[in-house]
Amino acid sequence: MALKATIVVGNPKPKSRTLKVAETLIEKLLAPGSYELEIIDLADHAAEIFAWPSEKMAALNNRVAESDLAVFASPTYKASYTGLLKAFLDRYPMNGLTGVTAIPVHTGGDLTHAMGPTVNLAPLLVELGAVVPGRGFYFVADQMDRLDEAVAQAAAEYTANLTRLAQVATATASLSTPVA
Amino acid sequence: MALKATIVVGNPKPKSRTLKVAETLIEKLLAPGSYELEIIDLADHAAEIFAWPSEKMAALNNRVAESDLAVFASPTYKASYTGLLKAFLDRYPMNGLTGVTAIPVHTGGDLTHAMGPTVNLAPLLVELGAVVPGRGFYFVADQMDRLDEAVAQAAAEYTANLTRLAQVATATASLSTPVA
Amino acid sequence: MALKATIVVGNPKPKSRTLKVAETLIEKLLAPGSYELEIIDLADHAAEIFAWPSEKMAALNNRVAESDLAVFASPTYKASYTGLLKAFLDRYPMNGLTGVTAIPVHTGGDLTHAMGPTVNLAPLLVELGAVVPGRGFYFVADQMDRLDEAVAQAAAEYTANLTRLAQVATATASLSTPVA
Amino acid sequence: MALKATIVVGNPKPKSRTLKVAETLIEKLLAPGSYELEIIDLADHAAEIFAWPSEKMAALNNRVAESDLAVFASPTYKASYTGLLKAFLDRYPMNGLTGVTAIPVHTGGDLTHAMGPTVNLAPLLVELGAVVPGRGFYFVADQMDRLDEAVAQAAAEYTANLTRLAQVATATASLSTPVA
């Protein structure tokens, strides 16, 4: 069965470089044909992001929550994720992203805010019940010619981390095996 | 092959309740007989923690780094992990905990600093290359009669998270399979 | 000349208890008659918060930036400030709150996220150039009968902090005195 | 009366560039002759930092707590302050730095961890009751030829911030004036 992958982009401007970074990360991380990808560009939904209730927004929230893997990508605004991304995540109830493997991605002008995805976005996703398989990924937005190389390195790290986690999972999962 | 599990306790006082919390977490998380456990109570090593070089400290650091699963447990000092724990972690080179699945644990007097393991200790472990499979675990230290219940709930959450991560790992790992 | 004080409330619901907490803080902190107060309830502006450009939003941003003292108050959403408040702050250019003394306030259901205003909202305000004169203020929202007492204590602490800062200011300000 | 200024350096190696950065900051921030300066290089006290009780350490802690202005300077270890500095701060009781104006300083190899003093060290000092008059100061350690320029800019910002805070202090202090 295909893995369900989702990209959520928190840039108020649509079709941003931040989206491109997230797409490249998914391409490097997952084997072609092994997954279905949905892209949610929040710039397309800003007008409805504070509407409550909203069937349309609820449907978007649900599709992300049902993902196996989700990349949450935001430009750096004030050293952190955007209000647009936070407003989308605020719509979830407690533990709304339980079961989702989530990768936090920030883009920025230079390295000054490189800690952002690890210290700001990762704890937010974890608070919602998601699991973050390693460091957040930060990319200096005007180095798009180095994108493939940087993303390949990050993807290799996530893959190695996930493989190790799978080994630990085997030991813990045995707990739930009923004793005959 | 047995899983290698390690507990690192950052309490300057030995044999603390913080150690007891970490031990209980390992017991609930891993199946009996499936793992080897080593306990490093940093209170026993405070006199040498700033010695450089130190064969003894290097050996301790190495054993943690070779663990499959490590619980890093600290009482809450000034809303964060102790200086003793940080001093031990400072001895690692960059990415010194790569490949380790790490669970951050804080104990404290009440809920005021409950965010500590998630916003302070987890990012520190991630910076060292470890992967944290979910929220940090915070336990109010004078509720030891509720320890089993609270730990069982946390362990169930980590187990569920690890199981999901293993599923994602399958999809990413396939990337490295050579196409015949 | 009267001090210019502003309250910015990031609750998507208008006239919230969070607003009441902020108002009480201003009342306890400043002497009656010594200040002019403006209240910006962002719930009233959610529809325009992502509009760009927007004369109305720019006017709001400017009035906060020209304040001597501003209270930024948010309910706790996902252990942090709301996306609505972040979206408002995202509209500022770099250093857009320079010269503003800012007090971060979070309300929440219990103490679990009490660190929020200090570790999440305060660094955000500081990133914008504001100065935060002490800890963030966290208030458990269903203890409104204890509001006066809790706010009085916080206000006394801010006042003491500001008085001390004024003493240090005297020493540093002398640097800019031309030598005759 | 002279301002009491203190520098606390958390580098396990004595006489570090981190100390030099802190000294330069004090020189740019305070007028010559307006202050007394004490320097506490924690490298000289590492052997006793976990001793409890310790008259010598208590005396050091007290002198910092009695300072009007204190610079806490640390090299970046694992994206944060050192365990040595944290161990020193851990010795304080709750609110042990009340009344101290504190400036957090980190040095590091490049900009990757530039957020450290603002998101890690500043909240720690605030937790102890200190007030941080603005952003943390981060300095790339191998740019010592640019030290004067960078420090002068930071000092000017702190001075401007303190001057503004003094104005707000005047309004709040009036609260305690008895009505005739």
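Details
First chain written, first letter: the chains are A, B, C and D, and each begins at residue 1.
Simple rule for what comes next: contacts are C-beta pairs under 8 Å (C-beta built on N, C-alpha and C of every residue); 3 or more make two chains touch, one makes a residue touch a chain.
Chain by chain, the UniProt names read as follows: A, B, C, D = NAD(P)H-dependent oxidoreductase.
Not measured: the values here are computed from a predicted model.
Shared contact partners of chain C and chain D are A, B. Chain centres were defined as the mean of their Cα atoms; on that basis the chain farthest from chain A turns out to be D. Chain geometry summary: the mean Cα position of chain A and that of chain C are 31 Å apart.
The geometric centre of chain B is 37 Å away from that of chain C, both derived from CA atoms. One finds 24 Å separating the Cα centroids of chain A and chain B. Of all residues in chain C, those touching 2 or more other chains are 79, 118-119, 123, 127, listed in ascending order. Across the interface of their complex, chain A is touched by residues 79, 110-116, 118-119 of chain D.
Against chain A, in their complex, chain B makes its touches with residues 3, 29-31, 34-35, 68-69, 98-101, 118-119, 122-123, 126-127, 129, 131-135, 158-177. If you check the complex, the residues on chain B that touch chain D are 12, 46-47, 49-50, 52, 77-90, 92, 120, 123-124, 127-128.
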